[in-house]
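Two complexes are shown next, each including subunit A; its partner changes from subunit B in the first to subunit C in the second.
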Partner chain A sequence: MSKLSKAIYEIHHMDTLANQNQWMNRIHPLVKFVLTVFYIGTVVSFPKYDMAGLAGMMVYPLVVFIIGDLSFLDSIYRLRIVLPLVCFVGLFNPFFDRVPVGTLGSFTITAGMISMVTLMLKGILTVLASYILIATTTIEKLCYALRLLHVPAFFVTQLMLTYRYVSVLLAEANRIMQAYSLRAPNQKGVHFKVWGSLTGQLLLRSMDRAGEVYESMCLRGYTGEYHFGDAIHARGKDYLYLLFWCCIFALFRLLPVLNLIGGLFVA
Partner chain B sequence: MHMADALVVPAVAATMYACSAVAGGFSVKKVRLESDPKKIPVMGIMGAFVFATQMINFSIPGTGSSGHLCGGMLLSALLGPYAGFLTMIGVLLIQCLLFADGGILALGCNIWNMAFYGCFVGALLIWKPMMKKGATKGKIIAASILGCVLTLQLGAFSVSLETLASGVTDLPFITFVSTMQPIHLAIGLVEGLITAAVLCFVHEARPELLWGIQDTKKKEGRFSFKTTMAILAVVAVLIGGGLSLVASANPDGLEWSMQKITGSTELESEGTVYDDAAKVQETTAVLPDYSFKGSDSVLGTSFSGIVGGLVVVAVCVGSCYAFKFFRKKKTA
Partner chain C sequence: MSHIHINVDQVSFSYEHGEKILEDITFTAREHDAIGLIGANGVGKSTLLKLLVGLNTEYEGSIRVEEIPVEKATLPRVREKVGYVFQDSDSQLFMTTAYEDIAFAPRNYGLSQAEVDSRVQHALEMVHIEHLRDKQIYKMSGGEKKLVSIATILSMIPDIILMDEPSVALDPRNRRNLIHILNEFEHLKIIASHDLDFILDTCNRTILMADGKIIADGATREILENRALLEENGLELPYCMQGKQTC
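Coming up: the complex of A and B.
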């Protein structure tokens, strides 16, 4: 499958997930957005050597993946983009920070190794959190949450249009590339002689399409702001859900919960 | 160059969010001032276009590898820095949410590193000044390459600074920078070439779509009155004063034909009318036979050329203005 086809599939897949009528999907979008930001903020605020404390934060994705019927494999696939840079930055820590902090049999564990694992764990947890958000919330609802946060309507409408047309233009680009590869077999990528014309044609068509979209929007009564339909009101259980998780995150951040629980069993 | 959440601490993320929010707020204000309702769909679809084309691999000749389009520079060349910046924010937000390319917390950093430099620095400091006097293919290529290289270098440097400020790596700053900058120099060059190819195509097909050159484009090919006069004067001096010195001493076509028939290059006319006309000409001619009166010097020939040229220019310009004057009168 080509890169473009994969992207189209991924967008459709995420759309399908977000439109499901699950318990998690029905939580108010602003609650989920605020909770995700709070979770990511808490995760990245852990000190670089606090691997044990950070491990406690795994409880959120663990619980939500189960109750939300989300695929763990799908979320792991998303790590392919983020992990290389995180690994590049973290892989050097064991070489520069060689202070021994413990041993595992005959193997000496250094502070650099701990900070490297912590960094990678942070990378994984933050990606999982954003996956939970997007897999249970549609872009329309996220944009609604952004409007509630007073993000300008102008920007939100543009964002929604971009999202709406991403799949359309991806499909168009895919068709162009398919036609090109049939005419230029065994060639990796687009030949430099047609860099301009191939992409330029798509660009001109996109510009023309923008004009048509605007006319259609005007015909449907567009006056500068996108209307989201009926307002989505947060219910009591939405606030409760937010409060519950915020307390859990604060608890794991401030106390060595895993150590305390472990201490109950190890005399 | 998308930064992940794990690479920043909350303080750095918040600072970069604040910086990006200021730039975003300023851009919203600027775009609103344009009060062009068509701008929103164009921005939305251009965002989708950049997103889609960034998935296309462009093969780099002789390397076996491929490159991608530089979104920031392309958007600012088409939409301007403010609308381009907002569109890039949309693209980065969707990339971060849908494809986990960058993080929600690191979005402020990514906006600054990619959208701010790409749109503001690329458009206002490179594209606009270079296109001030109209766009040419060469200028577009130069601006695209320079813009992409510079903005990517700035972005890569910012990534290093933000990572250093976050304290997540033990990698020395100099080592990190010296790894990031050369990689992004190569990426910038390739992205610049791809962006240049697309912008050159747009310039040839629909030049009115390019930002910052539309007004000057109308003037292209027309010189101002002063410039036209100066050029004509210089050309007249050069041709009349310089080239007249190397004029052929041989008879021209008509003279040559006459010489063949009559044996002389000049026709002898007899009669009072001819004599009177010749006397008037001798009296009024400033430079008889293209020389000063009573002299046959080279200087005289040059001077006559210059004067002749200027007189021709004056007659031509005068005729044109007279034509325009009478035409205006007729239409009125």
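Coming up: the complex of A and C.
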């Protein structure tokens, strides 16, 4: 499978996950959106040396991966490009902050190492929380949640159409690449001499296709704003879900829960 | 006499002052007509369909759909009455699932969720694809996509259906199914196609085009049996009339 085919497959796979009829998928989209923002805010607010406190926040992705029937390995695979970048952020901390804070056998642990791990954890947890949101919520419902938050219709429509057009662009690029590779079987990659014409073709063809999609929308009554149908009402259990997790996040943020639990086992 | 749904009077069209794509096109279409629009490649069949639904409004002459002139100001009213099925289903279907795509038009017309659900169900039943309701578009075969494309139009409850090459990329079974569905649809339909056997099976009237003009307009069988007329205009007799096996 070519890289482009894989990219198309992965977009469709995310759509499949978001369209599942799981308990997590049925939670009100605004609840999931607000919870994700709150979670990310809480994670980011941890002090840079509070690794233990931050480790407690791992409970959210762990539990949601289980109840949402999401594959952890699958998520790591899909985030394989983003995660190294996120981890890279704190990579130089051990070189700049060399204050020793403890030892592990003969190995000295410095404050820079702790802050590096904390930064990496923050990055990984925020990316995982975003993944959970998009893997359990369709783009339409996500946009609906944004409209409920009074995000301008123009912006929401742009977001949704961009998401749709990414697929269109990838599909066109894939067709062009397949046609090219079938006629250049011994060639690795695309010869630089045809980069210009292929890019031009891609642009023209994807614009044509996007134009047809837009025409199809206009012919079915589209006038600039996407209509989401009747309001989706939040149920009692949606509010309970939000409240439960907000309490857990606040608890982990305000109290050293893991230290307290650890203290129970130390005489 | 049945009600006139489409009135095209001396219509000519060209892109950006170039060569004329359509020239002096005149015809009327009535309520229960099933019109086949035939002709060789590039004679203007698709362009004519696009004019009827207002995808191009810079034409000369007059087009009226149920007495409404097709012009920029009237497009929303015209498009409520006309459903247009694209040749390429991938251009027509842009939502994630069949349900979402079929519900797109009723939602845009401000219908309640109950009414949207009912329209979606009705459209699915009309094309016998109830089982595809929640299936994702990208997982569908070409035939399934074509049927969903038609359902997206039927959910608008249009008075007129325009179809561009509907039988392209369909296997014989799906093709036969589509013929059956179209024959069940009693309102006006205009089908542009090269597939003359398909036209023979679905249309009672045929318009033959060549070089942007109407060459013949009459009963389907009469036109499709006229070998000289067809060959003169870049077509051949339908397979079933050539003594070959029919599809």
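The criterion applied here is as follows: the second predicted complex is superposed on the first by the 255 of 267 C-alpha atoms of A that agree within 3 Å, B and C clash if a C-alpha of one lies under 4 Å from a C-alpha of the other, contacts with A are read in each partner's own complex, and residues count from 1 in each chain.
The rule is short, and it goes like this: a residue touches a chain if its C-beta (ideal position, glycine included) is under 8 Å from a C-beta of that chain, and two chains touch if they have at least 3 such contacts.
What you see is a predicted model, and the numbers here were worked out from it, not measured in a lab.
Looking at the shared chain after the overlay, A:220 reaches subunit C, while subunit B stays out of its contact range. In the overlay built on the shared chain, the residue A:237 is in contact with neither subunit B nor subunit C.
In the superposed pair of complexes, A:228 makes contact with subunit C only, with no contact to subunit B.
Of the two partner chains placed by the overlay, only subunit C lies in contact with A:138; subunit B stays clear of it. For subunit A, the partner that touches more of its residues is B, with subunit B and subunit C as the two candidates.
Of the two partner chains placed by superposition, only subunit C is touched by A:19; subunit B is not. Of the two partner chains, subunit B is the only one touched by A:119; subunit C is not. In the superposition on chain A, the residues of subunit A contacting both subunit B and subunit C are 139, 164, 209, 213, 217, 222. Listed in rising order, the residues of subunit A touching subunit B in the complex are 3-4, 7, 10-11, 14, 36-37, 40-41, 43-45, 48, 78-79, 81-82, 85-86, 89-90, 92-93, 95-97, 112, 115, 119-120, 122-123, 126-127, 129-131, 133-134, 139, 142, 152, 154-155, 157-166, 168-170, 172-173, 177, 187-192, 195-204, 206-207, 209-211, 213-214, 217, 222, 224. Those residues of subunit A that touch subunit C in the complex are listed here as 12, 15-16, 18-19, 138-140, 164, 171, 209, 212-213, 215-223, 227-230. Residues 53, 55, 75-76, 79-80, 82-84, 86, 88, 90-92, 94-97, 100, 103-105, 107-110, 112-113, 116, 134, 136, 138-139, 152-153, 156 of subunit C are the ones touching subunit A in the complex. Residues of subunit B touching subunit A in their complex: 2-10, 13, 24, 28, 31-32, 37-38, 40-49, 51-53, 55-61, 64, 66, 69, 78, 86-87, 89-91, 93-94, 96-105, 163, 167-172, 175-176, 193-194, 196-202, 205-206, 209.
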